[in-house]
Amino acid sequence: MKLVVAVIRKEKLNDVLASLFENDIHGITVSHVQGHGGETEKVETYRGLTVKMELTEKIRLDIAVTDPFVERTVKSILKTARTGEVGDGKVFVLPIEKAYRIRTGEEDAEAVTPVLSTL
Amino acid sequence: MNKYSLSLGLMLFGVAFAQGQDPATISWMLVSSAFVFFMVVGLAFFYGGLVRRKNALNTMMMSFVSLGIVGITWSVIGYSLAYADGNRFLGGFGYFMLNNVGLEGEGIPTILDFVFQGTFAIITVALISGAVVERMRFSAYMMFITIWSVLIYAPMAHWVWYLGGDGGWFKNLLGGEALDFAGGTVVHINAAVAALVLAFMIGKRQDFGKKAMLPHQVPFTLLGAGILWFGWFGFNGGSAYAADAKAALAMANSLLAPAATIVVWATLDYFRAGKVTAVGLATAIVVGLVAITPAAGFVTPMSAIIIGIIATFPCYFFINWRAHSSLDDSLDVFGAHGLGGITGALLTGIFATNFGDPEAATGGLNQFLIQFVAVVIAAAFSGVGTFLIASLVKLVLPLRSDDKIEAQGLDVAMHGEEGYSDGEGALLIPVSSSKKAALVAGQVVSS
Amino acid sequence: MNKYSLSLGLMLFGVAFAQGQDPATISWMLVSSAFVFFMVVGLAFFYGGLVRRKNALNTMMMSFVSLGIVGITWSVIGYSLAYADGNRFLGGFGYFMLNNVGLEGEGIPTILDFVFQGTFAIITVALISGAVVERMRFSAYMMFITIWSVLIYAPMAHWVWYLGGDGGWFKNLLGGEALDFAGGTVVHINAAVAALVLAFMIGKRQDFGKKAMLPHQVPFTLLGAGILWFGWFGFNGGSAYAADAKAALAMANSLLAPAATIVVWATLDYFRAGKVTAVGLATAIVVGLVAITPAAGFVTPMSAIIIGIIATFPCYFFINWRAHSSLDDSLDVFGAHGLGGITGALLTGIFATNFGDPEAATGGLNQFLIQFVAVVIAAAFSGVGTFLIASLVKLVLPLRSDDKIEAQGLDVAMHGEEGYSDGEGALLIPVSSSKKAALVAGQVVSS
Amino acid sequence: MNKYSLSLGLMLFGVAFAQGQDPATISWMLVSSAFVFFMVVGLAFFYGGLVRRKNALNTMMMSFVSLGIVGITWSVIGYSLAYADGNRFLGGFGYFMLNNVGLEGEGIPTILDFVFQGTFAIITVALISGAVVERMRFSAYMMFITIWSVLIYAPMAHWVWYLGGDGGWFKNLLGGEALDFAGGTVVHINAAVAALVLAFMIGKRQDFGKKAMLPHQVPFTLLGAGILWFGWFGFNGGSAYAADAKAALAMANSLLAPAATIVVWATLDYFRAGKVTAVGLATAIVVGLVAITPAAGFVTPMSAIIIGIIATFPCYFFINWRAHSSLDDSLDVFGAHGLGGITGALLTGIFATNFGDPEAATGGLNQFLIQFVAVVIAAAFSGVGTFLIASLVKLVLPLRSDDKIEAQGLDVAMHGEEGYSDGEGALLIPVSSSKKAALVAGQVVSS
Amino acid sequence: MKLVVAVIRKEKLNDVLASLFENDIHGITVSHVQGHGGETEKVETYRGLTVKMELTEKIRLDIAVTDPFVERTVKSILKTARTGEVGDGKVFVLPIEKAYRIRTGEEDAEAVTPVLSTL
Amino acid sequence: MKLVVAVIRKEKLNDVLASLFENDIHGITVSHVQGHGGETEKVETYRGLTVKMELTEKIRLDIAVTDPFVERTVKSILKTARTGEVGDGKVFVLPIEKAYRIRTGEEDAEAVTPVLSTL
């Protein structure tokens, strides 16, 4: 099992989500983060104080998937999150040793297969 | 202050009284002016809460900057074109640069009339912005309202409210006066049609119809609606131009019409979606107030309730339809102010009573027709005029910000600020480098 | 507007004056009405800031919706039951549907009295909501206040303020008049007891006593307190029903009593917790204002300061105790308005002076007893009445939302909205599917 | 309420009128007092939005607490030292504890003068806080303003506005009266110099010049600016002490001067940074209002526009320079109120006209010199006085919070609260343990 | 050493914290996140715009523990965060290669043993 | 490749960023988190309700670096984020199996080397 961690542009979230859903990836955790990379900094000015904003708002996705799903997940993100301009973000793949579903106590692969009955 | 100015005051008061100025009227008109002024702040929050976080400041600034710009255009030339003697279609230059606008004046000092009317001009202009938020270029907006406030607002105010000579155009339309107590035509229909045209010309937001663009702070919208309603008591009540029973009537109607609209709107919401929404309630407040504006001093309180009820329907269904259409009148200026204003103007033609004054107009088919014609003329003038002015501005400046800025949010790009910030990751640009930078004229990074 | 309406205004003014209507009084009462109106907005923010984020809109809506509902009930029947001629215990139907409520009237036009009194009815009802926030079902709340505003508020207003015939019940209680300048009994004690009963009937929030439920936006609470204080100058000052020295006195007292409460409350806070809290200061403002309300035009400014000081103690210690008790009067309506109102009503019986008017009541043991009896009657009536009305509503609708919704927050469940949102992860439901959905009547997902 | 109090009112009104009290004037002064009161709320939000999130409540509390403290000092002794008969330099004890401050009085009841003037004292004191936010110890602040409001504010108000005997000191300075219509000297220069001195004595914030300390909620700052402007109509308009043409003039000028400042400020911003900033616009509003304050009833509207334009320059460039200097007058009290006030006071000496009243002063070199001397005296008195009072307070309490608290934010440390919270991770301290804790006197964790 | 990452319901945070403290787990980092899983979506409506909220507010816990503590930590969370309804969340266990305490520079096991002296 | 995860004091963010930039570490993702450790709790009081705030605002940094950069990154953080008082935070090093740059699809080492052309 892997944890796919992606940092993407804020305005791309909806597109990325849609594409993940299409690829049957339904378990996703989203955080609001700020990023610093090669992007041009914004300059702001408050009553004569000029400041350089080193951080840009970004979205971080954490997606735990079983090994066969990793490629699909990464590809789907790489495709939909791209604009081609500096600042598109990164995808990292981390190893997961163990996963549990809190509701049932199921482990590993079972833990991350969502029940879609309610949809 | 205190006793000295007091005696001075009494002296002036003596003078004033001799001229037929009544302190009680002045007191009420001073307050009413301040109330209408406050509506601009309310509008900034009403609109500001409805947009996305990244455009909060830009949206609010569109209201606030009109306090500056229209405050100045109104004193330089707007008031003159609206109220100085001229012909039926346009005022003259008699009040240019506030010439002859002084402490004298029948009833109230002319300078007070100037202030009261000025706040109307300011709020009208600010209303338009709701249609073009989140994408219009701020500099183009400033240029547009500078011209619009002079060429569109002032003439229409003249038609409806000018009383010298034969009166303005609308004082005698199809043989009767088009009734507009507090500005249904001049303020609401006028601004709403301008908003519609501008929304068409500028086009929809990139995300429109693709993403959900939700209000970032509904409490601000409720605050704005509350302040608007509060201020509207001065807007409608002050339009009686006296602290009398008519003003009280206008005030009662301004309480009851929106109350009725709230109830009906909530009921429709409840049946449609099973829920009474807060944004809906705030919208209902505005719709009810807009609808009663032209009628406020002409109808009985029960008629006000009926007007509030009737006006709900066109506005409610239009706004619900609009969201799914391809028309990005982003904050529904036309749906609320346009349809509300038109409904109110037409119903005024039906429900108006003369309260025992044989010379006053009463509702009926004839009056309804007059109202109808007035609405059509006002809408046509505002629409065409807005189109021409916006086209003119477009020659100089693009009306719309580029797509990248729109995606990033206008606050940072147009104002160099964020609405909400905790300053983290914000590095101060040191004095020395910023001083150097300042030498490079027009450069963005400067001290 | 401008000259035409002006002359019209002057004409009416002539008429009005002939009837003994005074423009200066009208001016002040118009303003006062707007001020009291604004208190409802203030209350929405005072309460709204104190709840959790997930219930912000629901809490604010409880105030805002009363503008609609009570605005209508008051015009249909409430004003009539309170002020139309009837017996000592209840008014009649003479003002039903605003019949006979017109531009005439001694002193001020009846329609203006209607508006001023209407704003009192609205704020009273809204005050109750503080006890049941974060769990009461919105539809049950709407039904409750519709009935309560008619059956409880209107009669009590009649007892205290009706002047026709022999006057209302409280005009002659134990041989004297129960003094209530601006509504300590009718507004504050009345609302507070209703709040208490309702809180008991609905029960405490699931998290009460288990989790810390902290205010989500203290600045909103400060804003609300500021607006309430501002509006209260119209509430107390306008209750003089004239722009005279009495109104000025009421205003001074409304500035000084809360100032004193602030200072004492801050001192108590400082000794108890080493800190002067902002929520405490906002509460102190309300407590001081409530306490001076019944006394505002009857006591000297120094007495106002003393009343502000004394009232702090019961409220402060009760509110501190309440937090640890099992009584979930969530925003301390009883602690602030109930105890503040009772303390104020009783102290009015002690500190009242007649300012040289031999016919006016003055403080003393007798007056104290009258005040005491009035408080008991009002509390009993409000308590029993509220219990019956809520029981009635319960037959139709559960008073309380279910536990899941309470955990999720009422904003989404009851209003389909979130107070603060950035729209991310929000997918638009496309027109076609939503149109289809709309065909299924009553379904939640519709256009 | 209603008819009873009405007749009572009419009776009193009869009395009042006999004494020369005019209901229309009273109506306007009641409203004006409420408006100036509301400015304090506006200031809390103007300042509160500009600081960092962790200090939002502390900053707002500095304004709110002055409502309590100065409300009390003003009634105990402040009003007496300012307005009771004494010599040219200080009032007497005639109004100590509101003795002799009653319903009588020429023009308006003395108690109303007390209220109106009291709101001025409160706002002046609150203005100072802008220079020392985010680091001053709250208890030291409370002690400081208690003393300052009595020893500095009251005397200066006496100099400028006392009219008994030979009048206050400034009524006859170099053979003429130093003109100050609504408090440019007493309120703005006074507060600004005090702010400057206090900022120097307390020193800069630890992060000053090192980190970017950005406004945490610019919308609050805009709201505050809007409320300030609204309230300022009462501040300047009410200073006419009558509902007359002079008040209308003051109102017009209070609309136009800031409008002009907005336009010029926006233009400067645009050329400097390519952007019209929202914080800049809010600042411009305040600067324009400050500058017109001393002149409001003395100059023509066109002069008001010119004053608004001229005042922009010193303030704009000073504020821009200040940000890079080592002077941490955190929210630019001196840059806006000091320089704006001085510019306005001096320009009043140039632009004042007598509006046909031969006894009134007019602008010219002589008047300019008088204004200059008045500014110097006021600044010196405020500066020295502030230094002495702050030194005195320092003997008892450190003026400044310690560095750890400053880093953590003053809200939690000084007020035990957070401005914005979702209550997560907040564990209730159970009753029993907190009860026990409460037994330990002075301990922080108590019930 | 492991990093235990748990995504739980917002309203369960206080309970989970209490249970972790009881189990002597005192070093915890909490983030506000939004999650998408098998939960029923909320539908909202703004002036005729009907939207489906794909994301629900959740809390993410990051807890670095030495190997012997892993089980205890996971169990404690699984037990207290459960409601039995879809949406209870997940627990993931990731490997940590190295840990440092910034204050002292201590490494690994020492780095994550909190000083409770100040309590 | 490693993911360096640091939890630091809020007020130290600017210093840490500056020091990372000096060390040529430019790809950083920042999140606002809340932490519980050995810090003294703040006590707050709302109308008689006394509450202990178990959580303190912290900043979390996620920095993906190639192996040779790990030490530099960690050292730089350890040095600048320290105040010496309890609550300074932790640094964890986690293994990354794969990294991608969304803009270009570059992998691993290339993926995390920022383009600084726009600076």
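Order as written gives the chain letters A, B, C, D, E and F; numbering starts at 1 within each chain.
We take it that contacts are C-beta pairs under 8 Å (C-beta built on N, C-alpha and C of every residue); 3 or more make two chains touch, one makes a residue touch a chain.
As the structure is a prediction and not an experimental result, all values here were calculated from the model.
The chains in contact with subunit A and with subunit D alike are B, C, E, F. Across the two candidate interfaces, D-E and B-E, the one carrying more C-beta contacts is B-E. Although subunit A and subunit F carry the same sequence, what matters here is overlap: shared residue numbers make up under half of all numbers found at their interface.
Over half of the residue-numbered contact pairs at A-D are shared with one candidate from D-E, C-E or B-E, namely B-E. Averaging Cα coordinates per chain places subunit D and subunit F 44 Å apart. One inter-chain figure worth recording: subunit C and subunit F are separated by 50 Å, centre to centre, where each centre is the mean of the chain's CA atoms.
Between subunit B and subunit F the centroid-to-centroid distance comes to 49 Å (mean Cα coordinates, whole Å). Counting partner chains per residue, subunit A shows two or more touched chains at residues 14, 17, 30-31, 34, 36, 44-46, 48-51, 54-55, 94-95. Looking at subunit B, residues 22-24, 27, 31, 108, 211-212, 214-215, 217, 273, 275, 277, 279, 320, 323-324, 416-418, 424-428, 434, 444, 446-447 sit in touch with two or more other chains.
Viewed as a contact network, the protein chains are fully connected, with every chain touching every other. Contact residues on subunit B toward subunit F in their complex (touch as defined above): 424-427.
Subunit A meets subunit B in the complex at residues 11, 14, 34, 36, 42-46, 48-55. Of all residues in subunit A, only 3, 17, 26-31, 62, 64, 94-103, 105, 111-112, 114-119 touch subunit E in the complex they form. Contacts from subunit E toward subunit B in the complex involve residues 44-51.
Taken in their complex, subunit A has these residues touching subunit F: 2, 5-8, 31-40, 54-55, 58, 60, 74, 77-78, 81-95.
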